[in-house]
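Following this line, the structures themselves.
The following pair of complexes shares a single chain, chain A, combined with chain B in the former and chain C in the latter.
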Partner chain A sequence: MQPVSFNLQQNYFQLFNIAQVYQIDTAQLERQYRALQSLIHPDKHTHLPDAEQRVAMQHSTLVNEAYQTLLQPMLRARYLLSLHGVDTQEETNTIMPLDFLTAQMEWREGVAEARRTRDAALLDELEMRLHRETRELESQLAVKIDTEKDYAAAAGLARKLRFMERLAEEIHAAYDAMDA
Partner chain B sequence: MALLQISEPGLSTAPHQHRLAVGIDLGTTNSLVATVRNGISVVLNDENGRAMLPSVVRYAADGSVVVGETAQAMQSEDAANTIVSVKRFMGRGLNDIGDISRLPYRFVDTPPAASPFATSGGSGQSASTSSGQGGMVQLRTVAGVKSPVEVSAEILKVLRNRAEAALGGELVGAVITVPAYFDDAQRQATKDAARLAGLNVLRLLNEPTAAAIAYGLDNAAEGVYAVYDLGGGTFDISILRLSRGVFEVLSANGDSALGGDDFDQRIHCWLLEKNHLSALNPRDTRLLLTHARTAKEQLTDHGETRITAVLSNGELIDNALTRTEFQSISQNLVQHTLQPLRRALRDAKLSVTDIKGVVMVGGATRMPQVQNAVGEFFGQTPLTNLDPDKVVALGAAIQANLLAGNRSGNDWLLLDVIPLSLGIETMGGLVEKIIPRNSTIPTARAQEFTTFKDGQTAMSIHVLQGERELVSDCRSLAKFELRGIPAMVAGAARIRVTFQVDADGLVNVSAREMGSGIEAAIVVKPSYGLSDSEITRMLQDSAQHARDDMKARALREQQTEASQLLEAVKHALEQDGDLLDQTERAQIEALMTALHDTLQHTDHLVLKRAIGALNDATVSFAQARMDKNMAHALAGKNISELEAK
Partner chain C sequence: MAYSEKVLDHYENPRNVGSFAKDEAGLGTGMVGAPACGDVMRLQIKVNKDGVIEDAKFKTYGCGSAIASSSLVTEWVKGKTVNQALQIKNTQIAEELALPPVKIHCSILAEDAIKAAVADYKSKHGEMVDTAACKGSI
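And now, the complex of A and B:
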């Protein structure tokens, strides 16, 4: 079999042909994602033999995975740092600044309180605040990674971002519970 | 409908022929079949000019089966043998159905499908499945016990025959629609029914997505749309982004057991209360439900309607029902649809102001109280310019035409999602989510597990679908055991469990022990699905009554597949033959010749083997071709061409 220039081992930034930075051009990522899926999605290969349909499914799966990894801020940070040889250690490194942990406790109590009292206004307010602080963390990450290239500091921020993500999941679950 | 051009020469692998493909809306109350003819999507009518086939199947003692209007006319008289709204039972156990006393059927609880798995690879490892719960519910009729899959297949057969008669040839395949909120068991059951009806399923397509295709292509719509689909027995909400030929589903939610039927039930209960009636016999139950439906439909255009019926004991029912009263007794049903709306919006990270338009689908959306509630929720008047009964079938036909290889001038792509999260059971009866809901499909996720005891050689894996934290609140898809793990110290074995969700939204789970270098994979099919042997038995059963010979059909199918494969490989060799070295090419060509020689063979199994051999030999060629395509795409050339469209 002759070698071809494309292989699935290349990194996700190369796959979508976008610059390998944290502050990505989301519109460009979306365009490239759609263009790639337009070529490889299983729907484009239903008239081909089974073997090619299976390959199409695998390729399409990989492109979906790559897209989500670059699209979601936390996943992108973790992935980009791993390319720089830095493990973000969200599951293992639990040493966080005390003030951050205290704030987390307060967040959680707030969400639990809103859920218990079915206070949608409070939940809305918490969500908006969380959204703001998450954005703030993301811009700090962009500075640490893209400008200062301080990957160890960035890993710390990524771990914080993971905490914020879990909070967002809790708020989401609280909304669901209040609906039911 | 959008004007789509029929295949241009050179675009399809078989440019000279228009491949016959249909879209089928297999509904709770009514089913339809549509196709693209002369570039326009049209619903195919029966010989009496009727588009909708009532989804009603009646079994007679002599084994004969009647479907549609004729069966519907007998639903009160022969309620136990006349199956209505069978879609509600697809992929469902007895426990899921709720109050069975209100239904005139004799239900049979059945054990889960036996051995719904296949083992591949081999090194002494094996797997087995077991499940603590029952399998799909079945119905006892005068013609024997019938699975909902068999009942649905009867409906599909009628539509297939209608289409083949209208189009004058055998179908290459069909796109069958399912509610977006259908879980894996319900999807698998639908696919099995199609297989039983002799249909090649090109794709299972979510109903709201099908509607969005029909609507979007027709109106050249761009932006974020909500599709509110209230059918006879299911409710779906999908949020989609339409942009430059891509239909991207952002989120889906719903209730697979809420629909127009429930509004009939409310009127039925109201009638019982008004007339101080308690439990009725099956005939009277069905009679009042039929009148309830008529009353519901009347109230769409009238402020008041009269319900008059004579029960089997001679008692006269005569009540006036006003629209206001109907709205008040059904208010909480309408409210119930708003919860999934809110969830879908949150999952899509959008608010109502982001929604450019709301497309209404399903006959039940004709009810004024539904339109008002949806209009109020979104702050805009819902779009009702497409026939809500037909739009799903029309969209499915357009997609079927594309998937069959009849390329049209304007090409588009669908990116759909899996509606419910997938997970596995962990310690304490909790579910750990592996694939979250609303992930774009196809998707896959792998998770590694290890043994917790020294010398442990087996591990049990329980696959679940749903949003709740407790195993008991989620749907059990499969339970299997991975045996023959080499004895090691605790934590040394590495068992990788992979979930793959395909473009139909169907799940495959495989487990692989990797730590020792010994690998074995098992593929698990949902325990609610039917095993291959059950399908075979059903095919044989139906063959006894069918006019055409199953063997001949199997042979024809294999011949068609062989010809298509030969043509496709020939095409591939012409285009990309340079990717192969001489030996590889010679091997493929030898197998092509071998397959060509078996075309006249009368045993379909011989053909099947030859097809398999050629397929296997072209695996790496296929990979190389796809890679080459990707390489081209990445070179920027194709991407800019695509964007220009």
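And now, the complex of A and C:
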């Protein structure tokens, strides 16, 4: 195991001593996270003065946040792109490729239709397609970031993935409505 | 969060929902989306030979504010020339609907939809344009 140390100046990848890439080794991330957490966990500092306990608590919170950020693909992509100075513009960029938006509109119509007619088979089909296309976008994202280092294109893919996340929520809401 | 009465009115009685037949003359279609909330908005304008928007239709998947913003702009663009329609600002939409700060992006989406629809109309009808809607990446 790599030795772990704690330094607030490090970025999250450096904090866990793992390669600064999109396709990380999540098993390694988890090992490093546990090692770091055992080092700084607040329970280990109960013998120390209050001020130092508070610092330990803050460090522990930061490590948790860093771990969650690197663990989740979407958060990891956004964070990694920000380290390269690229904003994914999820709040401000409304101009998506026309075919993508048209497909999004059709997805949403399909989900609404399945919900209205209580068509579970249609919803299953939409969910499987969504799962497949999300995987496809994630693998494209890996290529754009790690291989081609085309961060602007990667930001466009990250925006697409946000729409896919929203669609997944819509599909889950439709399932819930059918069960009700 | 409570919606304003105007938002509720447009949400419950949306104006001009739908789309035009593909072969109708003078159409311009704008499609925009907001990644952060997954909203998708399609705005269509029907422009007469004098360059005046005589009808407009929309379809929006999104929150009440996004639906109200697009419903409102279909009313506002009617009777305007395409260039006048481009003057509609998201701040006017947000003010009319009393949108809270977290919903301002819905009004931006509606403004961008107008720009995209006008750009599409102009590109199909032989006028070069350079609006913000043309500058998007990817």
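We take it that the second predicted complex is superposed on the first by the 142 of 180 C-alpha atoms of A that agree within 3 Å, B and C clash if a C-alpha of one lies under 4 Å from a C-alpha of the other, contacts with A are read in each partner's own complex, and residues count from 1 in each chain.
Note that a residue touches a chain if its C-beta (ideal position, glycine included) is under 8 Å from a C-beta of that chain, and two chains touch if they have at least 3 such contacts.
Model, not experiment: these values are computed from the prediction.
Counting residues of chain A in contact, which comes out ahead: chain B or chain C?
With both complexes superposed on chain A, more residues of chain A are touched by B.
Of the two partner chains, chain B (first) and chain C (second), which one does A:I95 touch, if any: first, second, both, or neither?
After superposing on A, A:I95 lies in contact with chain C but is clear of chain B.
In the superposed arrangement, does A:A51 touch chain B (first), chain C (second), both or neither?
It touches chain B, and chain C stays clear.
Of the partners chain B and chain C, which touch A:Y175 in the superposed model: first, second, both, neither?
Touch partner of A:Y175: chain B, not chain C.
Between chain B and chain C, whom does A:M105 touch in the aligned arrangement: first, second, both, or neither?
It touches chain C, and chain B stays clear.
If you lay the two complexes on top of each other, which residues of chain A touch chain B in one and chain C in the other?
none
Which part of chain C faces chain A closely enough to touch in the complex?
31-38, 40, 42, 59, 61, 105, 108-109, 112, 116, 133, 135-138
Which of the residues in chain B come into contact with chain A in the complex?
Per the touch definition, chain B meets chain A at residues 12-13, 202-203, 244-246, 248, 339, 342-343, 346, 399, 402-405, 411, 413-415, 439-444, 467, 500, 502-503, 564-565, 568-569, 578-581, 584, 614-616, 618-620, 622-631, 633-634, 636, 638-639, 642-643.
Quick one: which bits of chain A touch chain C in the complex? Just the residue numbers, please.
Touch list, chain A to chain C: 88-98, 100-102, 104-105, 108, 112, 152-153, 155-156, 158-160, 162-163, 165-167, 169-170.
Tell me, which parts of chain A touch chain B in their complex?
1-2, 4-7, 15, 17, 31-32, 34-44, 46-52, 54-57, 59-61, 64-65, 67-68, 172, 175-176, 179-180
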